[in-house]
Structure formats: structure tokens, C-alpha cells
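The structures come next, written out as C-alpha cells.
Shared between the two complexes below is subunit A, which has subunit B as its partner in the first and subunit C in the second.
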Partner chain A sequence: MINFVDTLIEKKAAEEIVGVKASDSKYIFGKLANAGELCLNYDVTLLPPKKYFLPQRETVFKFKLGDKPSLEPVAEAKSTILIGVHPYDIKAIELCDAVFTTINPDPNYLLKRDKATIIGTDCLSPNPKAFCASLDTATTESGFDLMLTDIGDSYVVAIGTAKGDKLLKKYAKTREATQSELAGRDGQRKKALGEYKVSLNMSPEEIPGLLEVSWGSPVFKEKSEPCLSCGSCVMVCPTCVCFDVQDDVAFTLDKGERYRQWDGCMLVDFAKVATGENFRDDKEKRFRHRMYRKGKYLQERYGKLGCVGCGRCALACLAQIASPAETFNLLKAS
Partner chain B sequence: MGLENPFLPYLATIKSTVELTPDVKLLRVELEDAAIRGSFDYKPGQFAFLSAFGEGEAPFGIVSLPRHQDDLEFAVRQIGTVTRALHELEPGDTLGVRGPFGNYFPLEDYAGKNMVIIGGGIGMAPLRPVINKILEQRDNYGNLLVINGARTPQDLVFRPEFQTWMEAPRTQLELTVDRGDEHWGGRVALVPDVLRELAPSPDNAIAIICGPPIMIHFTLAVLKGLGFKDDQIVTTLEAKMKCGLGKCARCNVGDKYVCQDGPVFTLEQISQFLEQP
Partner chain C sequence: MKPKIAFFDFTGCEGCQLEVLNFETEILDLLNQVDIVNFREAMTEREDNYEIAFIDGAISTESDVARIKAIRDQAKVLVAIGSCSSLGGVNCLKNFYSMDEVLKIVYGKDAEYYNTIPARPVSAVVPVDYSIAQCPVNRYEFIKVTKALLLGKKPEIPNYPVCVECKLAENVCVFDKGQTCLGPVTRAGCGAICITQGRHCWGCRGLVDEPNTDSEKEILKEHGLTVEDILKKFRIYDGWLEVAK
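Presenting the complex of A and B:
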């Protein structure tokens, strides 16, 4: 594995080799300087790999001001190899793909996405807030170019695409997996399923229907009471895709750019219009909206649930109210 | 880069501006590219984003009718930073236009029906092309009642057209203001009260309503009292919008994206999500 990654870094110098690295006591996706930095046995990263396709801030186009303003489209992308993406994040990328590459394809996203190679790794030590086992997102059969599973002294690799196959053949030392190694992989996955501390008291298919009848439930008010409207839950979410668009003018005042940046429905001004009207002016409405986005609206629009159970929101939430699992379970119980 | 970038506006030129009220300007806008100008088709109720480069972009209903003119018209109320910049534009100045977006008022479906159109303040903007379309094909529709309310007489947005509207056959225009002035001889009353007094019949009728949330709230109550059903009441929603493409999710109200599923909705489609003012 070390050799594979070091060879990639060495031979694919023109490409960004990104992987999971330790950062203080947490993990992040970042550019790898060498294979030694790569941590494949991690629980969860602070931010999801979504940032490589939908960056925190990106230029949409540049403009020149003056008597005759002109526009210049900007779409930049570097080839990127992402190493160590967990199955739930791969599922989340599949949802982002549905959002950005289906109706009205988004060129900025597409360009970055097309140039990305995803090397996944099975999550064998889930974080304490994750509930992937309840959402069928603990493992995935699609969405990756390669998928690694640590079976102790070696990795079992599943090949998802021709691109992944080519990469593997060219840069890694591989051989056909034995039956016992494949059984070892299944055993690892099965063991990991038992490690999840949070679970849903319903099947994922039941969630949209549950929300359908829960609009007036007092659960939203009770749960949202301690909300700080800080937006942490939506900023760390791998399926949150909302963005704001703004103009920025250079200090010379003759040019500028239009950019987009992450935004989130839990922030107070998200639905506020210029007249001062705010369509979700209290935290109960914002909290409910987020739960409906995660459990119903995205499912109806794209056929995929808007939550993959990664637990990042719950880990980030100072008020300890953000986990969709908790709210869905409460709604189910009430 | 192969794919057309839907975030890139068309460049356009201000042809002329008209001060409709102290804070509303009509912008007449010509798309610079003749081919795009010729193919830019739209229907009453659709909207477009206007860009004041350097300040940003905001959505506005297109208040003109297609085919009448190549110019697009927008009634822009100065309320925030983008609209302030748009108000500063002068004939010859460049701006950006992105659109048309959204659905439209299904006027073909309303053929033969009595139309009740209720607008408050700048809420009259998306209703103007509806009224003008109905008047253009006057025989296709039943009676037309327009109730237009504003804060003061000066704030009635489409004053220059009132004479035409009033003189059209089977058309009644009722103006009302919250506060009159020394020249005002008309009604001083709230829109819902005027509606209650006029009491149009719900039989074979469609009510289209647009205005501030508080007006919508009380007017809906009166319409329901008159017997209008939720599928007979149509509105066009305003929402925070950033892309118009169903991506940014700013305009997500309930399960609807205003930019994709709207902005035109029947009350039946959205009654669950209309928050109480």
C-alpha cells in the first residue's frame, strides 16, 4: 500500500494526490506529501471530500467593469486522486452527482468531478455518532474506482471502473485474492457493522413517510430549543450542497469576480429576502427544514436519502441536537 | 469548455428607464446578442436574474410580454444593494440577464373563466403581464376584476396603464391605498376589505394574488370566505434565490424549489408550507 501511494505521488506529480491525514487528534482530507501521512484506519474526517468538487469558495466567472463590461468564464480543475474515502462519503458524492450533473448540469462541479479518481476504503472503526449500518451506507458497491479493505496484513481491492483497474495495474503490486482473503474482507465488514453505537428504529425507506405526517410535531420545537444557529451541522455535512453567490470587486474597481461559497439552511439569514422578510425566521422552522431536506425532500427529488449517517453533524454540534437519527427516532416514537 | 455555463449571464443594455414610483423603476433592457434576443421566449409569470456587475445578481419577474418588443421590461423596487445598483444604471449602461426561469401562469387553462387579480405594492409586477395578456386576448376570458393596493397613491406601480386597463371591456380596476393624499379621491382601505366588499363570485373564477405576506394572509382568508377553493387560488412566490437552476437550494420552501417548481403555485400545492405571518 505504501509503495502504491508513494509511486502515485512520484509518478503522477501532475496530479493532486489527496488522502486522509491526521490533524491533531482529528482526521482531514489533504494533499499527501508521502505515503507515510496516509491514515486509512480512521473513523471520520472533519470535512467530507465534497470540498474537492464543491469547494468552500470558487470563482464562477470573472468580469471587467468600465464602459464596456465583459465576462470571462472560469472553470478550473486539477486531476485529483482521493485516497481513503469511506463508503458513506461515496454515497454522499453519488447524491452530489445527482444534484449537480443531472438537470441543469453544473460545469464547475462536472469538470472537477470528471477529473477525480476515488479510491475508497471500508470504514472498520465507525465514530460514536455514525449510524451508517441503519442506512445501508456502511459499504458500497458503486461510486468508486477502487475500494480497499484492510484485512490485516494486506488489502483486498475491489475494482469499480476501468480507470481504477488501469491505475492499479500500472502502479501497484497485486494478485488475485484468495477465497480466504475474500472471506476475511466479508468478516471485517460484518464486524464493523456491529461497531455502530447509534441506530435508527426504522428502515431508511420509512423516513420520508414518517416526515410526511410529522410536520406539526412538537419534536421540532423541543429539539431545536438549544440550537445556536451556528451552522456547524450543515458545514460538515457531506450531502449539504447549498451555496450563496456574491460579487467581489478588485480594489482597482475595474474588475472583479462572481463567486459561490457554502451556505446553510441553519444560518439565520439563509431564507431572508431584501425586504427583510425571512421565510424561516425561527430555529424551529430551520431545524425542521434541515430534517426534511435530509429525510424527505432530496429523496423525492433525486431518489437518494439526504443523510448517509456519517455522524459529522452530531460530532460538530455544540448543542448536541443535530443527529438526524435522534430526531427521526423521536418522531417515530411519538 | 464544452458545456454552456448556466451561471453566465447574457450581456444587455439599458434602453430606457421610467420612474414608476419613488422607489420603483421600470428598466427596459435589450440583450446585446441579436440571436439570443430573437430566441429569448418567455411567458407571464417567468422571471430572470439581473446582474449589476460588482454588486451581484437578483431575480425579477419579467413584466413585458414577448413578441411585442425585443426589449425586456423589469419593474425593480429599490430595497437592497443589487437593486440600488440597478437603479443607478442609465440608458446605454450594461447589465447581465440570466433566464428565463421558472414556470408561468397557465393562462390557456383559464380560458372562459372570470379572472380576479389582486396585487399589493410591487406584487403587481408579475401580474402586469397577466393583465396585459388577458386584455390582448380579451374575448378568451370572462370578466376581469383587478384590485391593486399600495401604501400611498404614489406607490401604485403601473399608473401609466390604469387608463387602458379601466377602458377595456368587461374589466373593472379597483385601486386602494393605505394612506391617501390631497389629490386622492379613491378608496382608502386594505386590500382584503376591498375584496370582501366587492365579493366576486367564485363560480367559474380564478383568483391570482401577489403581494406582501401579510396581505396574502388576510386576502386568502377573504377569498376562502367567498367560496374560492384552493385550486382556484394562484399565487407567485418570492424567495431567496441564487442560481435559478435548482442547485443552491436557497428557494427551497417546503418540498418545492421556487425556481424550478414555481414561482407560480396554486394554493393547493403550497398551503401546508405558507407560514403564518
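Presenting the complex of A and C:
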């Protein structure tokens, strides 16, 4: 594996070789200088790999004012290989793909996405807030170019696409996996399923229907009482796709750029409109909206649940209220 | 005609004016768009026919009160820059003593020759159009607000907590490092600079519009702070507000 990654870096297999690295006591996706930096046995990264397709801040066009106003779209992308993406994040990227291709295809997202190669890795040590086993997102059969599973002394590689196959043939030494190695992979995946500390007391298919009848539930008010409206849960979410759009004008006041930056429905001003009206003006409404977004609305529109169970929101939430699993379980129990 | 702008300092370290002056790359661009007619830190000439007034420093004497009222009468737009003018800031630490006591501490036997009133933000005395708190003022935000005013637009000043910018910067949460932080209730706009540099948020940009300070206090308690510790934390910049009392 080290040879493979070092070769990708040395031979410049892409403009950016990105992987999971340690950062303080946590993990992040970042540019790899060498294979030694790569940590494949991680629990979860602070931000999901979504940032490579929908950056925190991105210029969408440049404009000129004056007698002949003009605008020039900006869409930039570097070829990127992402190494170490967990299955739940791959599922989340598949949902983002649906969002950014349906109705109004997003050129900025799609350009970056097209130039990316995803090398996944099975999550063998889930974080304490994750509940992927309950959402069928602990493993995935799609959405990757290559998928790695650590079986101790070597990696089993599943080939997802022709692009992945080509990359593997060109830069890695491989051989056909034996039956016992494949059994080893199954064993690792099965063992990991037993590691999840949080679980849903219902099947994922039941969630939209549960929410359908829960609109007036007191659970939303009770749970949201300590909410700081700090937006941490939505900022770290791999399926949150909302952004705000603003202009940055040059000091000459005759030109500038329009950029978008991550925004989120848990923030106080998110649903505020120009007249000052706020359609979700208290934390209970915002909290409920987020739960419906994750458990119902996205499912209805894209056929995929809006939550992949990664647990990032619950890890980031100081008030300890963000886990969708917790709220869904409470609603089910009440 | 270029709009005329003026800078005025009250009780504070004047670091905010220095911060504006230090913005060498854009200060010349600024001069192409406006005439600066009053700027003690930078020039001798003074005129009183300005349209936009930028104020730094808190109001802490009777003469400050009269002076800020006169500035408000002249200025079409009044912008508080920095934590002292926007929030009262560190000056409000003195409000937790009696005024006689602070005069004695500072001026000793000459105390009788001075007057002082509890420190307060500019908005406690006159209407303020926009406040951009930060210690010192964030020069990029100062430029952003100035450009918006020149374009006749409402300046966009974030109304979400520092946590948002901390997450965007992919910082490890200060609480996860076993320390405490005012980021969850403090207005963003600094780019989470202190946390990114390895410290915690001190609250110098003041509170967001709807802070859940009860929840923040609970969280600080759970992370080992006493009620007194918590009040001290809020008093550094938010001493003027109920949350620190």
C-alpha cells in the first residue's frame, strides 16, 4: 500500500493526491507529501471529503460593472485522487451527486467531481457516535473507483470502475485475491459491524413514515432547548449542501466576484428573507427541519436518506443533541 | 464628489486606528474613493464636514458623552469599530468597582481632579448604524463595510457564532482539547483566528443576536468552570451585558 501511494505521488498520477492524515488529535483529508502521512486506520475525519467538490468558499463568477457590465463564470478543478474515503462518505457523495445533477446541474461541483478518483477504505474502527450499521452505510458496493480493506498483512482491493482498474494496473503490484483473503475481508467487515455503539431501533425505511406523523411531537422542543444555533452539526455534515451567495467588490467599485460559502439551516438567519421575516425563527423549528431534511425530505426528492450515520454532528455538538439516531429513536419510542 | 470620512477615538488603546493605517495594500485604494478629513493617528489637518464617522474606544467620561453626541449630529452614517466602541469591551471591567475606587486606583491623590462614568459602548449613548467589534478591529471587515457603504449597500456582518468559521477552518474543537471557549455564542467574522492559532475564543466580537448563553454557561460548567469563572470569562469583553452580571 505504501508503495502504491508513494508511486501515485512520485509519478504525479493526479495534480492533487489527497488522503486521511492526523491533525492534532483528530483526522482530516489533506494533501499527502508522502505515503507515511496516510492514516487508513482512522475513525472519522473532522470534515467530510465533500470539501473537494463543494469547497467551504468558492468563486462562481467574476463581474465588471460600468457602461458595459459583463460576467465571466469561474469553474476550476484539479485532477484529484482521494485516498481513504469511508463507505458512509462515499454514500454521502452519491447523495451530493444526485443533488447537484438533478433539476439544475451545478457546473462547479460536477467539474471537480469528474476530475476526482475515489479510493475508498472500509471503516474498521467506527467512532463512538456512528450508526452506519443501522443505515446500511457501513459498506458500499458502488460510488468508488477502488475500495481497500485491511486484512492484516495486506489489502484486498475491489475494483469499482475502469478508471480505478487502470490506476491500479499502472501504479500498483497486485495479484488475484485468494478465497481465504476474500473471507478475511468479509470477516473484517463483519467484525466492524459489531463495533458500532449507537443503533437505530427501526429500519431506515421506516424513518420517513415516522417523521410524517411526528410533526407536533414535543421531542423537538425538548431536544432543541440547549441548542446553541452554532451550526457545528451542519458544517461537519457530509450530506449538507446548502450555501450562501455573496459579492466581493474590488475597491475600485467597478468589478468583483461572486462567491458561495457553506451555510446551514441550524443558523438563526438561514431562513430570514429580505423583508426581515424569518420562516424558522426559533431553535425548535430549525432543529425539526434538520431532522426532516435528514430523515424525510431528501429521501422523497432523491430516493436516498439524508443521513449516512457518520456521527460527525453528534461528535461536534457541545449541547449533545445533534445525533439524528437519538431523535429518531425518541420519536419512535414516544 | 468623494464622500468625506472621519475617524474618532474615545477610551481605548487606539489600536483600531493603527490597524486601519497598517492596511498598506489597500489604504491608497481607500483614498481614491474617499476623502479622510479627520484622523488623529495619521494627520494633523481636521475638518468637521464628514459624512461617515468611524468610532473606536468606549464612552467613559461626561465629556465623551457630549463629544459623541456632536459627532452623531454631524455624521450621516456612524460606524463603531473595534470591541471598545461596539461592546464597551475591556473598559467595562471597571464597572464592577465603584467609580471612586477606580479613580483612586488610577490617579491616587489626584483623583479629585478627574471624572469618570461607567464605561459603555457608543450605542448606549447615541444610535449606531453598524458595529464591527473585534480587538483590534478586523481590517478586512473594515474594508468590506466601507465598500458596502460606498456602494449604498447594507454591510453583511455575520450573525452566526465563531463555531461556523472554526468548522470551515477544520480546527479541532477547543473543548475537545480539554479547554473552554466562548466561540459558541460569539459573533463570527474573525475567521476563528485565535482558535486557528492554537488558543480559544475570548469573545472580542461580542455575542450573536440570539445567543443561547444559558446553554453556553451549562457547557462551561460541565467542562469544569465555576459560576465565578464563567462570569469572569464573559466580563473580558461583554461586561456591559446582562450575561456578565
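Keep this in mind: the second predicted complex is superposed on the first by the 332 of 334 C-alpha atoms of A that agree within 3 Å, B and C clash if a C-alpha of one lies under 4 Å from a C-alpha of the other, contacts with A are read in each partner's own complex, and residues count from 1 in each chain.
One rule holds for everything that comes next: a residue touches a chain if its C-beta (ideal position, glycine included) is under 8 Å from a C-beta of that chain, and two chains touch if they have at least 3 such contacts.
Just so it is clear, the structure is predicted and the values come from calculations on it, not from any experiment.
Colleague: Considering only the touch criterion stated at the top, classify A:L111 as touching first (subunit B), second (subunit C), both, or neither.
Modeller: The first partner, subunit B, only.
Colleague: Please name the chain, subunit B or subunit C, that touches the greater number of residues in subunit A.
Modeller: B
Colleague: Just checking: does A:Q246 make contact with subunit B only, subunit C only, both, or neither of them? Give me first, second, both or neither.
Modeller: Both partners, subunit B and subunit C.
Colleague: Kindly classify A:A172 by the partners it touches after superposition: subunit B alone (first), subunit C alone (second), both, or neither?
Modeller: Neither partner.
Colleague: First (subunit B), second (subunit C), both or neither: which does A:L210 touch?
Modeller: In the superposition, A:L210 touches no partner, neither subunit B nor subunit C.
Colleague: Just to be sure I read the superposition right, which of the two partners does A:L46 touch: subunit B = first, subunit C = second, or both, or neither?
Modeller: In the superposition, A:L46 touches subunit C alone.
Colleague: Between subunit B (first) and subunit C (second), which, if any, makes contact with A:L228: first, second, both or neither?
Modeller: Once the two structures are laid over each other on A, A:L228 reaches subunit C alone.
Colleague: Kindly classify A:L318 by the partners it touches after superposition: subunit B alone (first), subunit C alone (second), both, or neither?
Modeller: second
Colleague: So which bits of subunit A does subunit B touch that subunit C touches too?
Modeller: 246, 249, 253
Colleague: In their complex, what parts of subunit A are in touch with subunit C?
Modeller: Residues of subunit A touching subunit C: 23-26, 28, 46-47, 56-57, 225-232, 235-236, 246, 248-249, 251-253, 261-262, 264, 267-269, 283, 316, 318-319.
Colleague: Along subunit B, where are the residues that touch subunit A in the complex?
Modeller: 1, 3-9, 11, 51, 53-58, 79-80, 82-83, 94, 96, 212-213, 238-240, 242-243, 245-250, 252-255, 257, 260, 272, 275
Colleague: Please output the residues of subunit A touching subunit B within their complex, sorted ascending.
Modeller: These residues of subunit A touch subunit B: 60-61, 63, 65, 68-71, 73, 75, 99-100, 103-108, 110-111, 215, 241-247, 249, 253, 256, 258, 260, 263, 265, 270-275, 277, 279-280, 285, 289, 292-293, 296-297, 300-301.
Colleague: Which residues of subunit C touch subunit A in their complex?
Modeller: These residues of subunit C touch subunit A: 26, 29-30, 32-33, 143-144, 147, 150-151, 156, 159-161, 163-164, 167-168, 170-173, 175-177, 183-185, 208-212, 214-216, 218-219.
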